[in-house]
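Next, two complexes with chain A in common: one pairs it with chain B, the other with chain C.
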Partner chain A sequence: MIKVMDAIRFETSPERYKHWRLELSGAETTGVARLVMDVKEDQGLGEYVLKQNSYDLGVDIELADAIQRIRFEHPEVRAIVFTSAKDRIFCSGANIYMLGTSSHAFKVNFCKFTNETRLHLEEASAASGIRSIAALNGVAAGGGYELALACDEIYLQEDGNSAVSLPECPLLAVLPGTGGLTRLVDKRKVRRDHADVFCTVAEGIKGKRAKEWRLVDDVIAKSRFDAATSKRAEELAKASPRAQAKGPGLPLAPLEVQRSIGENVGDRIVSQYRYVTLTIDPKKRVAELEVRGPDHEPPKSGDELRKLGNGWWALRAFRELEDALLDLRFNFLEVGLLVVRSRGDGGKVVAHDKALAALAAQDWLANEIALLQRRVLKRVDVTSRSIFTLVDEGSCFAGSVLELALASDRVYMKDDEDHEDAIRLALSPANFGALPMGNGLTRLQSRFLNEPERAEELRGHEAPMTTQEALKAGLVTIAPDAIDWDDEVRVAIEERAAMSPDAMTGMEASLRYGGPETLETKIFGRLSAWQNWIFTRPNATGQKGALTMYGQPERAEFDWRRA
Partner chain B sequence: MIKVMDAIRFETSPERYKHWRLELSGAETTGVARLVMDVKEDQGLGEYVLKQNSYDLGVDIELADAIQRIRFEHPEVRAIVFTSAKDRIFCSGANIYMLGTSSHAFKVNFCKFTNETRLHLEEASAASGIRSIAALNGVAAGGGYELALACDEIYLQEDGNSAVSLPECPLLAVLPGTGGLTRLVDKRKVRRDHADVFCTVAEGIKGKRAKEWRLVDDVIAKSRFDAATSKRAEELAKASPRAQAKGPGLPLAPLEVQRSIGENVGDRIVSQYRYVTLTIDPKKRVAELEVRGPDHEPPKSGDELRKLGNGWWALRAFRELEDALLDLRFNFLEVGLLVVRSRGDGGKVVAHDKALAALAAQDWLANEIALLQRRVLKRVDVTSRSIFTLVDEGSCFAGSVLELALASDRVYMKDDEDHEDAIRLALSPANFGALPMGNGLTRLQSRFLNEPERAEELRGHEAPMTTQEALKAGLVTIAPDAIDWDDEVRVAIEERAAMSPDAMTGMEASLRYGGPETLETKIFGRLSAWQNWIFTRPNATGQKGALTMYGQPERAEFDWRRA
Partner chain C sequence: MSTVVNDTKIPNNVDLSSDKKLQRALEQWQPNFLDWWLEMGPEGFQQDQVWLRTAVSVDSDGWANFDYVKMPDYRWGIFLADKVPDRKIHFGDHIGQPVWNEVPGEHRNALRRLIVTQADTEPASVEQQRLLGQTCPSLYDLRNLFQVNVEEGRHLWAMVYLLHSYFGRDGREEAEALLQRRSGDPDKPRILGAFNAPCTNWLSFFMFTYFTDRDGKYQLLALAESGFDPLSRTTRFMLTEEAHHMFVGETGVQRIVERTCQLMKQAGMSEDVRKASAIDLPTIQKYLNLWFSLSLDLFGGEVSSNAAAFFAAGLKGRAFEDKEYTEHTALGQAYAMEQPKDGRITREEIALRNAMNEVLRDQYVQDSQRGVDKWNRVLEREGIDFRFTLPSRRFHRHIGLWADVAATPSGELISKEQFEQRKGEWLPTEADETYVRSLMTKPVYEKGKMANWIAPPPRGIKGQPVEYEYVRRTEA
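The block that comes next holds the complex of A and B.
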């Protein structure tokens, strides 16, 4: 367990950024913001030097924050230009020494977070009309080019030096695993044989060939580069539907979490947010997440929404949930099981879901809140911890909170005739489209792959369901009766926490994603799984492996057997 | 390198089977064959005991052969009943001691082969109308149940003992990786939370719940089991379109390969088939595959086809290719690169492709040959070796042989104005639908994901293309001129063979499969990649790992960090 003091924290804000500058001058008229990468070599999270605009988790936390804040705080921004403040280098990717000295579990979770950040950038364009341009004013290598691949358009400066490259395979014996291989062939649709050459040429490709092979959208002379990329960004901003976003943004407030540890809380670690509590039991290797329903009325208009602001449950609860999830992922690696509970009034959750849906259809800010809920729930789907949801007296698994249950590997619901009214599940419009998984299906659709019509049939079902009704509707895995509940749940939790963490990760990654695949699921499925494998291989991370040996005079030694 | 004497061979035939019985009595009238599993404990390929109808590669080679021979040799068979000759056990899956003592590279290649066999069983139903029933007259555990999952229908005997289970995760800390997890949710569409419970309960599930959860199609009392499953098989046979297949079948003849090794062949290992030569250079870790075009006229009718029989190039060349590929995969693990050449008359390849297409539309046997070509080419796609195709003077990369080039990671074509006529590529109808990849796209469609219309535009292009034309058409990666050819090809081969074998495996698995995903690609992508990762993890295969410790009194010890 990492001590609370040393824990990695995910909250930040532009005035605290070390490695990025969010430049907004002129954005009111042009609609264009600039995100300038200027990594401070000596300000990494660990004992390595972040040379050549290479990044670590701390750099990416700032990037994720910047994209999030542009969405909420700067409705005037309709295009982002990514560029570098360094001479001759745009970004050289994830820091190799950081990767070489990290534990496997950290590497995998790091890659997951950076993948999520890049997907969020793409979602900002697709769902919010915030276009992005990679203005490569220097070498974009590895993760640097992968960031560019996540932008809508890529422009490369023609200066005899700037190039794009994915040197991971030839130099480090690992993959371009932050979406690189997948986006090459699936997003930019680079021909597979061209991609093969590109990914094996350490020095990369520049000039005419980079454009011909679709690695970049254009190559522009240095003298015209800034003007041309700015102009293109302005064009994109002008054509964006976000031009209709009115009024001031909503500055995202700090989350105000209280953390307790030690004897007072039973030797557990408790993170108390307003609507969320995360409790870690290090001995049992179990985390409990309690989500509380709304304690106020939902807003009925854009004005009321803005008055509530950060206080609105629909925004605050999901921001808290996101922070708790990331805390769990990075700071409590040995916790294998997340138990989800809820407390509150399911009817109020449904009322807030309906208010959000009604407002989101016409108000950009409400829409951003709905999209944030969607992103947070997608983070749940790809979190490599077993997830059990417990539905009992006083819980409020309805609508958007019910999605947590639907994202779980199992749902236990207490069957107690004496308290039937207190133990209910309920659906809301949020279960039927606004919160899809990465594979494009709603969680109900993913649940009923065998009976696609069943998800639709439930649409009209407004009344809260009893345990027996929920079981019949297919929303519940196991419904122990009141007498057996405590024992059955306890044993299930103990058994699950005793399983091999690796087997559970592989099993859950497979069972959670039946049905169609998308760019997103291919990144977390095929690409990440191969990368995880390669990270464990002596050819990469062994004593004589290429990642380990990078920068040393000797060459890596390989076991040549092909698996 | 494995010595030629110790090499694993893939040719077999029913009279040599040790572990399976192909029972054909009554098939002429019922259309039903029985494949009875009766594994000989002491006849495994290695030093382990194949208890409880567990299998190793040798067992699966027989199964693959049986399915192939039913297709070609027994047109009267329209349904297969899989069952066991052992008491109380159908099949307990891949042998655990075999897995525990195998090298990682062997394990991965073993799993690939068994996955292919199961996909071939499904293809026999989908494309040839050979239905399959798993008649589980005992416990079907792990790979035993995964074999059942590959059948069209699964019936479980009700006898208080028989059950289905996937105990890999709880018992061995590995995955049900022979399609198990994928077929559960994607083929049988078992609800994800039910699948989660099922895959973590070592003892499995039987009776009513097995049916309710869609794990089996029905549970049948022991007294009625044989009769009921036979009757169901007869019903399926009766309704199968293969009822129109008119006899007799074509007995598949031995391949007659000559193998040479040693000084006479430059310290290489040469496997000489009629139309294929595989040459292994152990020092360079490079294999060269030469495919020779037809040396006879194509058949013009079903009668002529039957006279040619095993001698027809379209069948023989692809059977040889399959055998050579499997030889490479298992017996030369350290070879990282396959260089493909061809020799012959491209026009003749096109003529044979056209003859095959014309006959396949109306003749079951021709159709089986076309399907065999398809399966063999799919094996190329999932072979974890880099593949370069060299097109030079005298080559015959046309139609079905051109597919080898399109399956390659790169295509080099010599650009020689003086010999323009001798260096040509050509298309045939075979490139436009009959030979799809596992993702459902043709290799041309996979190549032109960015310009889907381009594959269609090429359809009309009948004339052989010069190097410049082929380059312009997008069929060639690099076209060195005659002066540079030798050096450029040599350097490319040396560079590729020096890359990390793991990185190349992961990279190629990603770049080869742009576009849509199917059950098949999910098995080789997501599922196999996770399984490969887990196979490398100490929690499974370390000294205290669960796979290693299986059967010992002590419990496995886990590193609990979740990746």
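The block that comes next holds the complex of A and C.
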């Protein structure tokens, strides 16, 4: 188990960035920010050297933070230009030695996080009008090109050197797993045979052909490159609907989490946030997540919203939830089961949801908060832990908090006639569209694939439901009697925590995503799954596997049998 | 003994006429090559009759035929060294297997990259040197410049032959691209750094042919070991021509040093020798520092997985792999490599295969020292205390481990600020460049005459006197 001190932390801010520069000069007039990648070789999280603008988790945490902060703090920014401060290299992707030396679990979590970051970049464009341009002023290889693929437009500098490539297959015997394969054919609609050629030529493709094959949007001579890409970014910024967003932005405040470990908390590790508490029980391999409902009135206007700022429950609780989830994912690998509880007033949750929805329709900042909730809940969906939600007295599973229950693999709700009023579930407008899953459906729609009308019928059902009503509505898995509750829940938790972690990961990932496929579900469900399988195969990570042998004097050896 | 077919448009010993497809591809490329030559080749001399050697076969008497020829009429041919019967791959993972006569699919891309990178240097140097004729110090030197130029052109042919015959459409596209890149053009530069650096005076030219062509020599030596036999045979023959280029550089610098010593003595040793219009020794050292360090970069990163892969696959060996090494897998061995760490220099053990670029660089540095010793012997003979030295390989580097640190020519690590302050002591300044070029404003076309800043060569070429009319000017 990781000591609290050595754990990976996800909070950062621009003045602490080591590897990125967020350049905002001129943004007030042009609407364009530049995110300049300048990775410090010796400042990786591990013992490797981050050569050639290659990245590790630390680099990507900064990137994720930068995108998030642009959304909240810089309404004037309507386009981001991604470029590199290094000569001849844009980005050479995830650091190979980092991948080669990390545990399987870390690799998987790393890829998941980087995938989320890239999806967030795409969502910033689709939902917030923050366009992005990849200005490839050097070689964009592997994850470097995958980052470009997540941008709206890709421009490649023509200088005889700059090229785009996905060398993972030929060089490392793994996949371009950060969305690369999926985005090539699904997003950029590169012809599958062209993509096949592209993905097997280690040195990649440049010039005319890169454009012909739609790998990039244009190839521009070096002498005109900066001017042309800046101009294009300004055009995109001008046409963006975010031009209506009025400042000032909201600087995201530190989360101020209190972490404690050891005897006074019974050998548990407790992370205490304002509205969230994450308690890890290492012995039982169970984590408990408690989410607390609002303890203040919702804002009724943009001004009130800004006065509340970071303090608004709708923002703060979900930021805390996100941080706790990432903490769980990276720092507590052996925890197999996440038990979700809530405490508070469901009615207040609904009131805040409604206030948020009303404000979001007209205020960019409120809209950003709603989108953040959406992203955080999506992180729950792809978290590879069994999730059980427990609904009991004093819980506030309503609206946006109910989404946590709907994201769970099972929902247990206590059936207690004596305390019927204290044990309730409630819906709010937030359950009907604002918080879709990666498959494009709401969690209610995903739940009732067999009876699509059922999700619709629930719309407008505002009254809090009793256990029996919730059970009938299909929102609850099991409703143990009050007398049996403790035992039933304990046994369910113990039983689940004893199951094979691999089987559970695969089972849950498959069951959670019924319904249609989207780019997102393909990335997490198809590309990542193949990648994670390949990561465990000898051809990649065995003693003589290509990933292991990369940079070694000997060459990889393959087991030629197709599996 | 290979047969030479000279009745086609393209002299060759590869039986081109029996491969119509290849012949057609090359014949299609030829006019584009000529356009390139006329645009980017020696400017102002295309109509002159130049006394050049032309390779017509690979035998010892066949590859050095001398006659007057107009450069655009030069017969750029394709010549491979004779096949070694039963040749086996003799290093890397495939030791003992027969060499490849066709490109193995597995290594196709790597081979293409190796060939394109080598090929790109050939036209690049012609471009870099295209204006030098206009300031030539003698007809003898002018002819040597052109000899180097046409042979670099032939080297390009040799590489294009490989691309055309073994790499299909990709190869043909790469061959076209070789004619489209331009040295020093920021939009379409040549692939390697030193081949984009300006080479605009004759001191630079001699340093270039001494140091940068010598990089070429070592790259060719390493490729001559290749398990891809056509590459090996092509590069082996190129090496015979490369020797002359380095001769031009070595003797060129030597003659400048001789002349400077003479003028120093005439002026009285205390005088500023620039007053006598000589190139002073410290300036020569600065140009040496510049071109040596630029050439060191050409060998690539000290620790290189590409280099390891090339060696493992049997594509690129060490120079003199057979003669100088007894063990040819290079496995289980380490190379103790100096590396910068937190402002100090440490030594780290690197797997030998990954250090192959550095191994080649070692061989190169050693070889480079020989000419420097010769130049120093001139100084010694003339009783002058100054001595030339090769700068440390940490000095003025742009590629590899030393690219991000600054070092003095003696290899001492200093801050980047200090380097900026002091670089004028070590590298040619604008004023140095202006001065050197001020000596070379006019060409010397009179038979046997030398510019003031350079001594005559001890003898002419191929038995001809120094006064021979090596270039018959047709333009005024």
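Just so we're on the same page, the second predicted complex is superposed on the first by the 563 of 563 C-alpha atoms of A that agree within 3 Å, B and C clash if a C-alpha of one lies under 4 Å from a C-alpha of the other, contacts with A are read in each partner's own complex, and residues count from 1 in each chain.
Keep in mind that, in the parts below, a contact is a pair of C-beta atoms (placed from the backbone, for glycine too) under 8 Å apart; a residue touches a chain by one contact, two chains touch by 3 or more.
The structure presented is a predicted model; accordingly, all values stated were derived computationally and were not measured.
Visitor: Could you tell me if A:Asn161 is touching chain B, chain C, both of them or neither one (first, second, both, neither)?
Guide: Touch status of A:Asn161: second partner only.
Visitor: With the two structures laid over each other on chain A, which partner does A:Pro254 touch: chain B (first), chain C (second), both, or neither?
Guide: Once the two structures are laid over each other on A, A:Pro254 reaches no partner at all.
Visitor: May I ask you to decide whether A:Gly460 touches chain B, chain C, both, or neither, giving the answer as first, second, both or neither?
Guide: neither
Visitor: Thinking of the overlay built on chain A, is A:Lys222 touched by chain B (first), by chain C (second), by both, or by neither?
Guide: In the superposition, A:Lys222 touches chain C alone.
Visitor: Have a look at where A:Glu203 lands relative to chain B and chain C in the superposition and call it first, second, both or neither.
Guide: second
Visitor: If you stack the two complexes on chain A, which partner ends up touching A:Pro553: first (chain B), second (chain C), both, or neither?
Guide: second
Visitor: Across the two complexes, what residues of chain A are contacted by chain B and by chain C?
Guide: Common interface on chain A, chain B vs chain C: 170.
Visitor: Which stretch or stretches of chain C touch chain A in the complex?
Guide: Of all residues in chain C, those touching chain A are 93, 109, 113, 177, 181, 186-191, 305, 308-309, 312-313, 330-331, 351-354, 404.
Visitor: Show me the residue ranges of chain A that touch chain C in the complex, using the header's touch definition.
Guide: For chain A paired with chain C, touching residues are 41, 158-161, 170, 201-203, 207, 221-223, 550-555.
Visitor: For a test of understanding, state which residues of chain B touch chain A in their complex under the given definition.
Guide: 103-105, 107-109, 168-170, 172-175, 181-182, 184-186, 188-197, 199-200, 214, 285, 333-336, 384-385, 408-411, 446-450, 474, 477-478, 495-496, 499-517, 522, 525-527, 529-534, 536-537, 539-540, 546, 556, 558-563
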